[in-house]
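In what follows, chain A forms one complex with chain B and a second complex with chain C.
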Partner chain A sequence: MELIGLLSDGFLVAFEPLNLGLIVLGVVVGLFVGAMPGLGSVNGVAILLPMTFLVPPASAIMFLAALYYGAMYGGAISSITLGIPGASTAVATTFDGRPLAMQGEADKALIAAALASFAGGTISIVLFTLFAPPLASVALDFGDPEIFALMILAFATFVGLSGDDIAKTVFSICIGMVMSAIGFDIISGEPRLVLFDLIGFQSKINFLVLAIGIYGIGEMMWTIEVSRGETMMSKVTVSVERVMGNLKIIWGTWKAWFMGSVLGFFVGILPAAGATPGSLMAYGVAKMTSREPQMFGKGAVEGVVAPEAANNAASTGSMLPMLTLGIPGSPTTAVLLGGMVIWGLQPGPRLFVTETDFVWGLIASLYAANLFAVIINIAFIPLFLWFLRTPFTILAPLIFVLSMVGGFASTERMFDVWLMLILGVGGYLMRKLDYPVAPAVLAIVLGPIAEPALRQSLLISSGDVMVFFNRPISGPIMIIALILLFMPAFQVVWRRIRGKKPMAG
Partner chain B sequence: MKTFVKKLLGVGITVGLVSGFTAIAGKTALAWEPVKPIQFVVMAGKGGGADKLARLIQSIIEKHKLSPKPVTPINKPGGSGAEALVYMKNHKDPDHAIMVTLNSFYTTPMRQPKLGVDPMTFAPIARMAEDTFVLWVHKDAGIKTVDEYVKAAKAAGNQWIMAGTGKASEDNLLADFLNAAYGLNMKYVPYKGGGKVAKQLAGKHANSTVNNPSEALGFYEAGTVVPLASFTDERLPMFKDTPTFKELGQDFVYYMQRSVVGAPGMSKDALAFYQGVFKKVYETTEWQTYIKKKSLQGELLQGDALASYWKRENEVHRKMLVKMGAIKG
Partner chain C sequence: MRRAEIITALLMAGLSIYLMVKSAELPIGWIPGEGPGGGFWPFWLAAFMLGSIIWVIVNWFRRKSPPSQSEEPYLDAYGMKMFLLVGGGITGMIALVDIIGMHLAAAVFLIYYIRFLGGHSWKVTLGVALPTPVVTFLFFDIALRKFLPTGFMDPLYIPLYDFFL
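Moving on to the complex of A and B:
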């Protein structure tokens, strides 16, 4: 089979000493870049891009891809141990990873995150190897109506089956939508919602600023209030028995991580989406299909494995449109694409034909990077657990400082540091008034994708809403989304009817 | 004997001191050099068009060690260049702040007069190239010439979709031009970024685009999209069989500058230093290959020549925006 030949040639390239060394280095750097709140893979790749001029292009992209991968693993570490998402892709991991750590099960969460990442990475690379060129045309078939339908589906998974107060969930989504509308509007070409005429609001609110504000600062204030400075993390001891027990539990969640991997991969290959929406959608779907949806948000292992599998799978997926269509599937691949230009490679449908060494070397390096990342990550877990034993009185100021630095590092604007503080207080107040924060975060991520897609679709169709229903891909997605969205209403009606029946009979 | 040695020593020391002194004095007087990292402001987010350009230039400067201090890109993506322009205008250390610009350098200050930015106050470091525009259709449309294009677009009326990058942008100007010149009623749909526009056409979600060659290159090489005519003075070397609109009797050429500017208030010495650096960047094989591969045009323009080029282009853009109704005349 031709594929195996190409892949083994690729492995020969990937296992050259220089390349192997760069892959290991990339994974380690990525792990730390991902774990540092605010840095994230975009910044890591952008900062290190000029260095890659020193090595051949194939080695350079292997290094950066390994870094990208490592950062996907690393992002979960601070999400779980500190409650601050290390990267925007790891936001969904805080939803359940943080509660687990609070209950003294940080080891379980960390191992679950690492193994799920490995599963997501492996499944997606296999899919990538087998179907890369045909999948590129699927990505092309996704026009604006399809993207909008997909975004509605993502919202529906959060609203439809949430056990939370539905009115509050919708309110939270609306707040997020308004915030996502701030900044430059692509359709009218004008800035909008430039609050108080501040120049900082000419660009949209950076997602990491929001995530660190709400999860770093807001949550920390909440924790201090609840615990009154008493340490909340119970001590974690590592024993073989415990590890075996954890492994068994993680294996039991196979449905969540398997679905997360496949979903993440497909969302990743769609231009414009990327790993953050992928992981949030995987979380929503895991909750929807779980036997214990009420445990989500309170420390469900499924809630950790689903988004972690998805964000790694999506990072592989987003390389596909980058290589085959020259369109980045995520912000990080956009920078990688710039790198390919620097190295003199022309991404596009012909890259798989003209640059086989490069393409298959990269694919093989993804297998290698994934393997090294899981080994290195698990080896470091005792270190992270040791870090968690720090008393909360020391940890809290540390988290605060890390949040500040992280907020600044992501955009290098003082404006964003102030914004982050304000958003942090806002997040704390929402928490205090018992509003769910996650839907607002989801709206901020999906809003900027959904809104232009909606308006572009309606522009093309001259305002005809049927464009979402009478197309072969968007139609079914939209109908499923609407059914999910109105599920709670159906359930209420259903219960009424059933409740009345015995009385009538 | 002793005195002679002493004298000789004295002369030697004096000569040494004087020559040393002149060397130092000469250095400070002749060549200004940055004393700290140079901020390279980018009016786009990470991965955007201007960002890729800035990172390419940064890589070239670093590879050839053209600057004693590192050049560090800073992204100011807000408001189609508005945030970056205002940041540059208010910069406290204009000698250490440079920026990559495109044509929003002219149009953004016109459309947002509240910013109080005048592009003519920026320091003219170098125009590194000009990007070109080409009219593209999908190969399945079966359209080979502009005449066939006009016929098909006329028949489709406002159901003919022209995808482009942003509203009141370069692509929008060209779409308006085509509508006016050929009596068409194409519908312009704005997207974020040329890559997305190219994908709309390749996926047949749009009927035509006016992508830069670099944006459509991948699909062109795969044979998915077809160039019909270019908005240039001469035929592009990469598309020898594609006519220019000039040849077809439409007097319309349009380019997008890719320039590097210094913050307003940059000192003369600093400007001279950056002009020297970017002249060297322009001459590197990396930059020359990039120009060729991306089908860019335009020679290096610096100093006064660049300033008068800006003046001319600024007026061209003002007229275009007035015509579009985006600003008042």
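Moving on to the complex of A and C:
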């Protein structure tokens, strides 16, 4: 009952005219950002975050969360009509969405994607509403050792689950953390890591400098290099009769989108997993449990609804640890978390106690964003298709300009604009060699939380690292983290044992 | 790709060592009553960086990672051309900020990119390049009161500030 009361209060906040307007605007911008190949929610949130300084913090985060949602819907539009995923989260949507479009049924695929996204969003927000308060109340008892153990767990998921080169993942995490340590020691206040004795390094590197550098400049350069070929856009015919006919077919696939939603939500909670693997897993499960698995890859509606439900559910899932534990579940929520710190909101379980209006307003705004996203998405399909024809040679320079201006506006130092360029170009060059960039962005946000937690914990225990293992909550978290860290090694050993068996037999 | 992998790894190893040395300017050990010193955290992180880079180098020798097996060029002719034209263009834009200010530098960059790299008509080019600085000025300088650098064009902006603010 209390939950319903809090949620209704949240709706009152979300439906304030400014907030509602921003939610609709966020959804629209998100749909465009998601639909544009090469741009995903994280690019949109990173580049547009400095623009939100105009409005109060709560409204700003509602706008960005709505953008995040819209981008999850938008990704499907280009996956289906162009055959290129609008964002990595919509990769699985191309498998069956593109064949449907080639068969002249692009409208069926687009509407299926939109409705599945709506289902995924709705189911996951209900799960979020149920899970968030108890998780936050447990987390209220967390001390420094628990917080540090959670950080280790967050990074361990990258090592154990991301599938990237492990050595390079560890490097990426550590360099992000070191960057967050530049400027001064947070405990003693002494200058620290003033690199090359440059005055610019006497203060902290703002996380936005790295986030905009990587996602604004680096990723655009990557897209320019990768997307050399011309693309073919499929024709889409939309009419009310066709929409009604398609609704029945989509309703028949409820098993696929329901499973996708639940799976996506839980996979989304893990920092290294998120929407992309969530949607791929949902596709796999839908295929396994389908009555017609042979249709997958040839234009099965189930193959569109499962990943689309999953990627939206994952985006909600990734907000669960961000709001309740102060640990982002995805790069986009890492940027949101960094934004919250700039706006003076201390992320973590205390938010549920000290900023009740904000938290419940945000949760209610997710319900609203989800509803607006499905309506706007279906109503304006022709507009998005027109926008997709914008040449990248116009969009890319505009993004570079926005990155420069936004990077300057967030700190008002030209030094940071140069640093952003260096980090962006450096990130692009490293990414070409398979160094993952997302862990570094998460690390620069989490570094300032992890360091004091570690140092305080060690101080309490007089330097005994067992403090992380012999407490009832941090102990199991650390053990799970260690299992994840060593999982790749276990896999190697397992493969060797299995590989040797046939020879022995 | 194989050569780029080892060069990058060696550069990153150098960076890691530099960061370790730099971190050690503050105490990296235990200070009685205070716990770990200020350099402790970055020092060990940089040490982990170095460790992971050594692992990358070992993988390079053993040809274990995809880039260490690849004989393809790191940047082919198209990639190199794009890298120089786009990266150079952005560098030029940022360098121009100190001279002609951020708004005008953005306009110059947009003309360079849309007209010369993109090959669009002058109508399209100016249709994007001219309104953009006006919008950024109204949004940042006026609405947000975050004054973007104006370089030597400062006198031009004074009447605008007088009018709007």
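By definition in this document, the second predicted complex is superposed on the first by the 272 of 505 C-alpha atoms of A that agree within 3 Å, B and C clash if a C-alpha of one lies under 4 Å from a C-alpha of the other, contacts with A are read in each partner's own complex, and residues count from 1 in each chain.
Quick note on the criterion: a contact is a pair of C-beta atoms (placed from the backbone, for glycine too) under 8 Å apart; a residue touches a chain by one contact, two chains touch by 3 or more.
All values reported here derive from a predicted model rather than from experimental measurement.
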Thinking of the overlay built on chain A, is A:488 touched by chain B (first), by chain C (second), by both, or by neither? neither
Thinking of the overlay built on chain A, is A:475 touched by chain B (first), by chain C (second), by both, or by neither? neither
Between chain B (first) and chain C (second), which, if any, makes contact with A:409: first, second, both or neither? second
Counting only touches as set out at the top, which of chain B and chain C does A:293 meet: first, second, both, neither? neither
Once the shared chain is lined up, is A:104 touching chain B (first), chain C (second), both, or neither of them? neither
Under the stated touch criterion, which partner chain does A:202 make contact with: chain B (first), chain C (second), both, or neither? first
For A:188, using the defined touch cut-off, is the partner it touches chain B, chain C, both, or neither? Pick first, second, both or neither. both
Once the shared chain is lined up, is A:456 touching chain B (first), chain C (second), both, or neither of them? both
According to the stated criteria, A:342 is in contact with first (chain B), second (chain C), both, or neither; which is it? first
Which chain A residues contact chain B in one complex and chain C in the other? 53, 187-188, 190, 412, 456, 459
Give every residue of chain A touching chain C within the complex, in rising order. 51, 53-54, 165-168, 170-171, 174-175, 177-178, 181, 185, 187-188, 190, 192-195, 217, 221, 224-225, 228, 391, 393-394, 396-398, 400-401, 404-405, 408-409, 412, 414, 417-418, 421, 425, 429-430, 432-434, 451, 454-456, 458-459, 463
Quick check: in the complex, which residue numbers of chain B touch chain A? 45-48, 51-52, 55-56, 58-59, 62-63, 73-80, 82-83, 86, 111-112, 158-159, 161, 166-169, 172, 187, 189-192, 195-196, 198-200, 202-203, 205, 217-219, 221-222, 224, 289-290, 293, 326
Interface residues, chain C side, partner chain A - complex: 1, 4-5, 8, 12, 19, 22-23, 25-26, 30, 34-36, 38-42, 45-46, 48-49, 51-53, 55-56, 59, 65-67, 74-75, 78-79, 82-83, 86-87, 89-91, 93-94, 97-98, 102, 106, 109-110, 113-114, 117-120, 124, 128, 132, 136, 139-140, 143-144, 146, 148-149
What does chain A use to touch chain B in their complex? 42-43, 46, 49-50, 53, 140-144, 183-184, 186-191, 199-203, 271-272, 325-328, 331-335, 337-339, 341-342, 344, 346-351, 411-412, 452, 456, 459-460, 462
